[in-house]
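Let me begin by handing over the structure; questions about it come next.
Chain nomenclature is as follows: A, B, C and D, assigned in order of appearance, with residue numbering initiated at 1 for each chain independently.
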Amino acid sequence: MIELNNVTKTYDNGADALLNVSLKIEKGEFAFIIGSSGSGKSTLIKLLLKEVEPNHGDIIINNKNITKLKKSRIPYLRRGLGVVFQDFRLLPNKTVYENVAFAMQIVEASPKEIRRNVPMVLSMVGLSRKARAYPNQLSGGEQQRTALARAIVNNPPILLADEPTGNLDPKTAWEIMKVLKDINSRGTTVVIATHDKDIVNKMKKRVIELQEGILVRDLPKGGYSDED
Amino acid sequence: MIELNNVTKTYDNGADALLNVSLKIEKGEFAFIIGSSGSGKSTLIKLLLKEVEPNHGDIIINNKNITKLKKSRIPYLRRGLGVVFQDFRLLPNKTVYENVAFAMQIVEASPKEIRRNVPMVLSMVGLSRKARAYPNQLSGGEQQRTALARAIVNNPPILLADEPTGNLDPKTAWEIMKVLKDINSRGTTVVIATHDKDIVNKMKKRVIELQEGILVRDLPKGGYSDED
Amino acid sequence: MKIRTMKYFAAQGLRGIWRNRLMSFASIATISSCLMIVGIFYCVAVNIDYMLEILEETAGITVFYTKEKYNEKTIEDIKEKINKIDNVKEVKYISPEEALESEKAEWGEYASLLDGLEEDNPLPPSFELTLEDIRYQKDVISQLNEINGIEVRYFEEETKILISFNNIIRIISLVLILVLCFIGIMLMDNTIRLTVYIRKTEINIMKYIGATDWFIRWPFIIEGIIIGLIGAIIPLGIVWAFYNFITQLIYEKNTVLQNILAFRTTEEIFSVLTPVSLIIGVSIGIIGSSISIRRYLKV
Amino acid sequence: MKIRTMKYFAAQGLRGIWRNRLMSFASIATISSCLMIVGIFYCVAVNIDYMLEILEETAGITVFYTKEKYNEKTIEDIKEKINKIDNVKEVKYISPEEALESEKAEWGEYASLLDGLEEDNPLPPSFELTLEDIRYQKDVISQLNEINGIEVRYFEEETKILISFNNIIRIISLVLILVLCFIGIMLMDNTIRLTVYIRKTEINIMKYIGATDWFIRWPFIIEGIIIGLIGAIIPLGIVWAFYNFITQLIYEKNTVLQNILAFRTTEEIFSVLTPVSLIIGVSIGIIGSSISIRRYLKV
């Protein structure tokens, strides 16, 4: 489903974010990407989205080499990927409801579907009460959950989440993880970049660890590496 | 040092963020504010900063009732408070170095002091290598550490940190906590809003817990509440 | 594209205007300012042109007989011949007596000074010509010279000056309008660039969650159309009110000015200005939104 | 305020311009456009005024004798009396012979028609007056009427029309300049508002970490001054080049136009336009930055 072959990404200012990373994530998998701050986790997700381009190597999603994707096809690639961004990226002029509905309007979903699905996902992430609030009227955790709701509302085949519980208390974080597990069990491939040791250790899922841009560990049922 | 008397904050859209909160934090204390997402932690910090005004109640900092502070005195209140914002609030047009130096320029520090202190705090938070990068060239955790460096560079008597480790891996998070403990041991009052169960449990410091805007727990050497 | 998507675009366009009030206001103000300038200049230029036209029409050529006096038949003959020349609007025969009368009228209270002249009138009989347009004077004169029995006297130098003067005024107005339009487009481009720059984040986010370029573009274009329309209607209204007010003021209050000023009717002016303003406004809106957005669609 | 803080402000102002290129460019373009318009209009208006002044100067009053002929002494007497009247610039005596000569000259090739008149010249002797300013005509005439032995004939209606015409042109130029300045200020206000809106986040962040209002404001003001200066110099250069080009073109190429057109020298124009433009530009820059920033300082 997702395949990276010798991918290297060096930013324009010389920062090496990924070095020769090769990995393969199968359909329906649930994988954690861990690594210390600045180790390249977000860069990996941005590469899958074609937000940044690799300097070397190929990225294959759904058997398509996306490094060679035509510009006009990029939106369709992105529609197949539900993404929770580390910095949320909510539309500031739209309410929580509208932000989530927007993801459905893009794919020209019917108003009926929108009216059914949006409240459903909002209640899944526990934000029904905040549907009419604008992003700047939300707490950090509420913004993060809005971003998650938007990522899952279209039932994308792949879900990428960059630090989806960074602003959540452990209880809410676990509720969110249950939602993600649920989605995964219905066939969605889930890739999560996270720092949450507890969650990684307890979930017993595949763990991919990066260190300064190098893939140093890839265990099918790993835990968080630096036990102290 | 910090005192809240029956403080209530309801936002314009009717969201109750804090209800009748009274608490007192002494000089030199180290306190955690915990609570689930949306329970009012950030609102509490924003009130101390006069970013938002309380509907009822008084807030006293350094024996001054800041609810009655003249507008022109607000900058001087804020200079006494080092703040790490949950959303970082870095100046997008300034590099990491300049962002930190800016906090010193505001208080008209000498260029010599700036040239000595800025590299020092940057190395404390492990960002010496990123001094010349702009915020949009940083990873989430690097932005967060820049915000912390800016907050501590002027040695403020009070340090407020909203989720200062949310985007950091456990190892880096602990390094940051050591920095904060250090600063605290040199006399700075430190107040941290956090979700990090591990840190709260291991630090054994004062824990103030909010639940839907109500102060439900205030223990001198507490742990994270919802053990599951 | 589905109809509901179209509806969505229209709704978003309208909402966008309200939610981004500041930017919408700035764009409307810029378009309005430019079209206001265009409107004012159009009014001024058209009326100056109109007055010059009238002035040119009244500028005539006088055709002199030599000393001999012709009989009525010959006079009618010549009149007909002159009338056949292209671009001649009117011919009027002026007998020596009539000429003397008008001289006397001009001398006013000193007319008595000319009293002795009636018996041996030194003034020749003449024809006065009015042309369709003063620019054809040369052609007409060369044809007049071919008619037997008349000699042409005309004010070559004066005519040249009048024509040059008209041309200068026309060129100045044209240059000013072009300069202003250019400045207007530049300002508009700036405003749109700034508004799109403000929305850069918004556009980027839309792209990151899979919106196609057209999906992002349409609401902006509709916004552009609406802003362009509003930005055209406001100056039209203001210029219309002012034009009415000023023309009426001059016609009612100032008799001296009436003699030299002539104004096109409000209807004549606005039958051109209205569609032109609307088209310019909407075009600026559409072109502005779509061109400037392109920069930020390259994500 | 410490000197190093001032230095810091200056450095920040300069950096701000470069780092926010788009906004700086937009502001400079807007100021330039407005000052360009002001410059063009100033040139046009000043020159029209100048031409009208010349025109007015050449408009004269003719003073007629009654039929009697005076001797040289009396003529000199009257000339002196007239010369003593305020605002009279020049007096010229024209004998009946001279009057006939000039009539003949005007009739050109048909002068022979007037041949018989020399012996019993029906034209009266006259004085031709030139005034300092056509507006004083009334005063001068009432004083002329008090001088014995002369009767005044003047072109009241024509003078009135000329004065009204001049006034209309002046009023139109003035109104246009005012309208344009107003539009310019509005556009500038818009641009500055947008640029400050873009920097809202930046300003808020500065406030949240304890910067005083003045600390935030100064770099913006310095930026405003620099932008205002650049925005004033560009149109000055362009207008200067064009003005030189056009005046030289007209003087060199077009002899007919020279007769009716008169231009102020480039130096005369720019000794006023340069300081005015610079002051307006810098003021807009300063006022714009500081006023618009106020909105976002209220945090």
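As a working rule, a contact is a pair of C-beta atoms (placed from the backbone, for glycine too) under 8 Å apart; a residue touches a chain by one contact, two chains touch by 3 or more.
Fair warning: this is a prediction, and the values are worked out from it, not measured in the lab.
Visitor: Can you name the chains that touch chain B as well as chain C?
Guide: Touches both chain B and chain C: A, D.
Visitor: With centres defined by CA atoms only, which chain is the most remote from chain C?
Guide: Result for the farthest chain: B.
Visitor: Just the number, please: Cα centre separation of chain A and chain C in whole Å.
Guide: Spacing between the chain centres: roughly 62 Å.
Visitor: Between chain C and chain D, what's the gap in Å when you average each chain's C-alpha atoms?
Guide: 24
Visitor: Please tell me the distance, in whole Å, between the geometric centres of chain A and chain D computed from their C-alpha atoms.
Guide: The answer is 67 Å.
Visitor: Chain A: which residues touch two or more other chains?
Guide: none
Visitor: Going by the touch rule set out above, what shape does the chain contact graph take here: line, ring, star, complete or other?
Guide: It is a ring, because the chains touch in a row that closes back on itself.
Visitor: Please list each pair of chains that are touching.
Guide: A-B, A-C, B-D, C-D
Visitor: Which residues of chain D touch chain C once you look at their complex with the stated criterion?
Guide: Chain D residues touching chain C: 22-23, 25-26, 29-30, 33, 36-37, 40, 44, 64, 67, 108-110, 113-114, 116-117, 120, 122-124, 153, 160-161, 164-165, 168, 172, 176, 179-180, 183, 186-187, 190-191, 193-195, 197-198, 254, 256-257, 259-261.
Visitor: Enumerate the contact residues on chain A facing chain B in the complex.
Guide: Where chain A meets chain B, its residues are 11, 13, 15, 34-38, 41-42, 86-87, 132-133, 137-142, 144-145, 162-163, 166-174, 195, 197-198, 224, 226, 228.
Visitor: Could you pull out which chain D residues touch chain B in their complex?
Guide: So the residues of chain D touching chain B come out as 1-2, 4-5, 8, 16, 19-20, 201-202, 204-213, 215, 299.
Visitor: Tell me, which parts of chain B touch chain D in their complex?
Guide: Touch list, chain B to chain D: 49, 51, 72, 74-79, 81, 83, 85, 89-93, 102-103, 105-108, 110-111, 150.
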